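First, the structure itself, so that you have it in front of you.
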Amino acid sequence: MDLPFAITLDVGSSHANHTGSWRVNRPIYVDRLPPCNDTCPAGENVQQWLYQAESGGYERAWRQLVEDNPFPAVMGRVCYHPCETACNRAQLDEAVGINAVERFLGDLAIEQGWALPPPGPESGKRILVVGGGPAGLSAAYHLRRLGHGVRLVDSAPALGGMMRYGIPAYRLPRTVLDAEVARIVGLGVEVELEHTVRDVEQERAAGSFDAVFLGVGAQLAQRVDIPSGDSSRMLDAISFLHRVGEGDPPLLGRRVAVYGGGDTALDTARTARRLGATEAVVIYRRNREHMPAHEDEVEEALAEGVTVRWLSTVSRLDGDRVVLEKMRLDDRGFPEGTGEFEELGADSLVLALGQTADLSLLDRAPGVDVEEGVVRVLPTMMTDERGLFAGGDTVPSPRTATAAIGHGRQAAAGIHAFLAGTELAEPERGVVASFEHLNTWYYADAPRTKRPELEQARRQTTFDEVIGGLTEENALFEARRCLSCGNCFECDNCFGVCPDNAVLKFGLGRSYEIDYDYCKGCGICVQECPCGAMVMIPEEL
Amino acid sequence: MFQIRIHGRGGQGVVTAAEVLSMAAFAQGRTAQAFPSFGSERMGAPVVSFCRIDDHPIRTREPVMEPDALIIQDATLIHQVDLFAGLRREAYVIINTSRTLDQLGLGEFSGQLDPDRLLTCPATEFALEQLGRPLPNAALIAGFAALTGEISLDAIDTAIRQRFGGPVGERNVAAATAAYRFVADARAESAHVAAD
Amino acid sequence: MLRQIEGSRAVAETVACCRPQVICAYPISPQTHIIEALSAMVKAGDLTPCEFINVESEFAAMSASIGASAAGARAYTATASQGLLYMIEAVYNASGLGLPIVMTLANRAIGAPINIWNDHSDAMAVRDSGWIQLFAETNQEAADLHILAFRLAEQLSLPVMVCMDGFILTHAVEGIDVAEQGAVDAFLPSYEPRQVLDPDEPVSIGAMVGPEAFEEVRYLAHLRQLEALDLIPALAAEFESMFGRPSAGLLSSYRIEDAETVVVAMGSVLGTIKDAVDARRDEGDRVGVLAITAFRPFPRQAVRDALAGARSIVVVEKAFSIGFGGVLSTDVAMATHDHACSLRTVVAGLGGRPITRRSLEGMLDTAVRDELDTLTFLDLDTGIVEREQLRMAETRRSGPSAEHVLHGLQSGPRPVDRPVP
Amino acid sequence: MSTEPVRFYQVGSFAVGNRLLEDRDRTVQSEPRRSNSLDSGHRACQGCGEALGARYALDAAMRATGGRLVAVNATGCLEVFSTPYPESSWRIAWLHSLFGNAPAVATGVAAALRVLGKGDTRVIGQAGDGGAVDIGFGCLSGMFERNDDVLFICYDNEAYMNTGVQRSGATPPAARTATTEAVGRDPGNVFGQGKDLPRIAMAHGVPYVATATVADLHDLERKVERAMEFDGARYLHLLVPCPLGWGSAPSDTIRVARLAQETGLFPVYEAAFGEVTAVSPIRRRMPVEAYLSLQGRYAHLFGEHPRPDVIARIQAMADDNIERYGLLSGYDYGADRGGDEN
């Protein structure tokens, strides 16, 4: 066309006008640390494996998961999931059911027989791992992946430690535990059972191990001196659960009193119900809000008919009567006696007052610093003695299986660095993505999917698993509830909302770039980024 | 050049009358020009239209100031509008009425005109007979043709058929023919009287 | 073939022969007969393909024509008077965008006081709009000019306005030779737009132009319109050879050779003027006529040459610039500024006031005797004017003059050509 | 996989893109090869809602028509910032004529295309609120009444921004403009004036009328596509915040538009042949303060002489809308994908 001068213009000719020169602030892309990752004791990259699961890539998700934690199926059952407590979604509707998805992936892996990543090239080094609990097994797993030889010894007839002898089967079916343990052993771990290490120094020397990892746990019950005529009516929770775990449950009678306020106390009470006790009464010296047990456990226990005597201590056992002193809390929340007493009929009293580690095996390792029954370690999990590492309940920790698994992983890395004669770099933590960083309008409202629960009657009498798993559809739903806090999930908002077409999109997985030739710096892209993965920074003018 | 002025009321076909008249002249091979007194004519309002007939091209666009013929479609206008302005003694005048000039109060005025060129014609009656509607213009211009001899009845019929067409055209032609006869007879009679 | 038909009808039939593809119109006297006829032809399927759009205003009529033309269709509309003023913003826009729209302007006065009768005030109001303005003297010219207008418009990519006197021409029934379709097709090729809205070749039409280029844009438009001064005579000649009858061109003259006094005018009044001139010639006065067809672009050189021999020029105008005088007169004066001759303006026929041959002859008589005022209002009723001036001088709240003038008319002499309101 | 994975796809279900969706279910704006009908280099202010809305709407129309599109533009910001000689930001066939005549020009274009046998090319007319609600109202009404085959889009920024923020027939009560200053006993624009153009359009009985904002792209694109399924006159009233005229932060353009909807002040709905057929429910209801306080044009309601009485009246307007259109009816997640529910 022969276009009239000035009145008619060629299309797109405004590209000659670089409006980027108007800009005083520029948008940039950032990555923030998701709160779930931040709080996972096992150091899982939760957001990443959820991202894989969202697209139905369950095996990819599982592989991402076992990079850090070889126990998805176990953790998916027994982890107290601090990730969900930290989840930003909780402020929107309900936290993402991370734990449930983890269990779904774990179970699917067992069902599908997915194999753990193979061991790395043999390094020729050998490490002695003492204790076949979560810490030891986790350490063994990561050490094998690093190519190191592992000898794993445990005093029990089977591996698993507290996972087997502390956690009741209705919370963790043994088949699941066995499967995940077997997978680790399958990586080429030498295992010696029913072998109790009495002198770690001697064992290390005898086997000329390059390093040792101690994960002996806390197996000794805390005792308190309770006057009683007949001590046979009194036993401790650890050994009680241990014997149940071995399939040789002691007889407790119809009325069972449990003394303590932790998860173990509740596990004991719930187990007692399953063993036929008509009454299972937990005696706790403070009130519910001070109870150390996890809320879910309390909920479930009460739902199963377990009762709790709040603000009470056991002063003595008198025949089939337990004499309780009523307590009150002082202004600091500490209990003090009131001098008032009452009685409670009970056929037996189980003491669940906490555990300590048996560290006698360290008697001839004087370099090791033991305080209040636990071993002090560096961030690398190495004790004060070179080459001697420790983790799990043996060291200061929340005393959860998840924390133990994290220790195992951490220790393996520490040992690897130690053997290589290098320093283990402290991994830097990014800025945590908080709820304020998000623009939540873009996320569809969707309340969490409740895991189906077995109906009361069955639960109380059997050791069948209490919490059911998610269907594939629900797992997908849960995974997709993840907000991807602080990390771009390629929602195209920045690309779409720019009034100046100044965002370039390169296709899935290849992310975006700002075209600073035209970006006027309005900041809409930053404001409308759902997950807080963009910020405005001043231009140098 | 022969100039005609037509007076009537909106809705009576004053403008059409001038148009048909010009078409008749055209049909007869003459040049003609017809135009209305431009205005927003409304039903019943006094309306004027004009027609010029010549044998040469007509250039002027002025209204007809001094008509050679006056066609009055509605006698009730006589005392409302200055119908006879610019009228010369030898001009033709044809009035649509069944009444006499005296009844119309034109008795003495008629003295100022040539009696042979002043005529009443009950055109509306012919129209009612043939069309069943009081649309006198076809009849009246036929009467005018008979009175002036400027245009032949054939030419008038042709124009009417062109303008209206179909049965309506034919009925108008019938009305025109009747009126033409009426006027022709009247003139013959007055000529006869004059002869005595 | 010569037929005895109404001017509006002839124009409608001729426009139809030009195969317009989009017609947008809003009714206003005295343009109505033209668009009624066209809408009937479209509805009956006699004019096809064509869309007739009954728009809600003249502003919309011109706007829709702009859209249609820009989209590559041959667009036509017609209006008059207030209608033209109501669309004036779009009128300027059409020429600014260089869209070859053809519009019939049935010339009519502009109120207040509202007046539906003929004069040229409306055309003069858009004199500077960038449209080509052609004035028809007769209905034959009016009809034929439309054929030329479409050709001219599309060749230059400029809009053209064919001006014909309202009622005097639009409502007059006379012998007119309406062009045959075949001949029109041969003369007028199908519309090849200079620029068009096309998804396959997108452009942005109607940019905002600042001081850096606006003057150039306007100057180019001026040059473009001046091209018409050469093109119009050429097209007129082509028209004559093709249709066997002359077409109006830039201008024409009548008995002008040897004329000492020349009357310059536009439109239908020229006929009456020619009769008056003949009469004066019979009396021995050496008078002649210069008829202007192309008012925009104004054929300055041609006018200058045509009036070279004149001793006295009388411009008869159906419009005037209040506070100054003649409009056409100004252009003629510019064209003849280096002539040794007098130029006088006669304003006549405002608001449909009949221009009679008698008055024109009287005026010419005075002109020939060199006694004509520089600015004369033909047939002005001075009695009424003086009465009204007196009345206004007496009372501050004198009310609207128009009513008093009418009131004065009741008592004064009554022109018979106007029905009593 | 589940039969309806998308229904469960939570993250980004309201965002522009969505890596798990089928291409056909993604927004036009997420498409790297979108038409960018209004392209980079235009001179709109930072964070201009109108520039954004125009590209959203026209790109969607381009996809719906397979690129067979012609746009007519009224005078106003959009025209001025997009085509200052010698540069045009348009990538589509585009015509600007006058301020008040865009609907009529569009009518002419549509008629021409029909006559020329190019009926497959569709016409969009666009104007700001001034060009649609006020000066172009007559032409728009005529276009509606004739049911001309045009989709007319009003980019409503609630005042005459191009000339410096003067009041228009679409300026809301209490809003400060250059001709309704925040002074005197009742600062800002008066209550009880202005035109509800979408309702007026509906009163013409045209096939399709819809309102939308730049905050909900899925909703907007679905409506443009829907509009293109109809022949005849269609009207889309699109709320486009103006940082300059509203005194809001350029980065808040979409946020403010969203609040206009979530407070109920700007009801989002669609209507066919004069009857409301669907409303876009409020997902997270907000009090009007949340909307007003982000905008300088309402600063006089909060400053040192706060006007809770005026805010209450505005809240009442929002409540009336919520009542009238049932804006709190539940959200249908099936509609997240858009398009297929119609």
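Per-chain numbering from 1; labels A, B, C and D assigned in written order.
Note that contacts are C-beta pairs under 8 Å (C-beta built on N, C-alpha and C of every residue); 3 or more make two chains touch, one makes a residue touch a chain.
Everything numeric here is computed off the predicted structure, so don't read it as measured data.
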Result of counting contacting C-beta pairs for B-C and C-D, higher pair: C-D
Chain closest to the assembly centre - both centres taken as Cα means: D
Centre-of-Cα separation between chain B and chain A, whole angstrom: 114
Whole-Å separation of chain centres (CA-atom averages), chain C against chain D: 45
CA centroid of chain B to CA centroid of chain C, Å: 34
Centroid distance [mean C-alpha coordinates] between chain C and chain A, Å: 93
Junction residues of chain D - those touching two or more other chains: 82-83, 85-86, 88, 90-92, 94
Multi-partner residues of chain B (each touching 2 or more other chains): none
Interface hub residues of chain C, defined as touching at least two other chains: 97, 201-207, 209, 213
Chain-level touch network, classified as line, ring, star, complete or other: other
Touch relationships between chains, expressed as pairs: A-C, A-D, B-C, C-D
Complex contacts: residues of chain B adjacent to chain C: 15, 18-19, 22-23, 26-27, 31-41, 45-48, 58-65, 80-82, 85-86
Residue ranges of chain A in contact with chain C within the complex: 1-11
Partner chain D, residues of chain A touching it in the complex: 6, 9-19, 22, 54-56, 441-446, 472-473, 476-477, 480-484, 489-493, 495-502, 505-508, 515, 517-518, 520-524, 526-528, 530, 536
List of chain C residues in touch with chain B within their complex: 4, 6, 29-30, 116-118, 165-168, 171-175, 268-272, 274-275, 352, 354-358, 414, 416-420
Chain C residues within the chain A interface of the complex: 96-98, 157, 194-196, 201-207, 209, 213-214, 216-217, 220
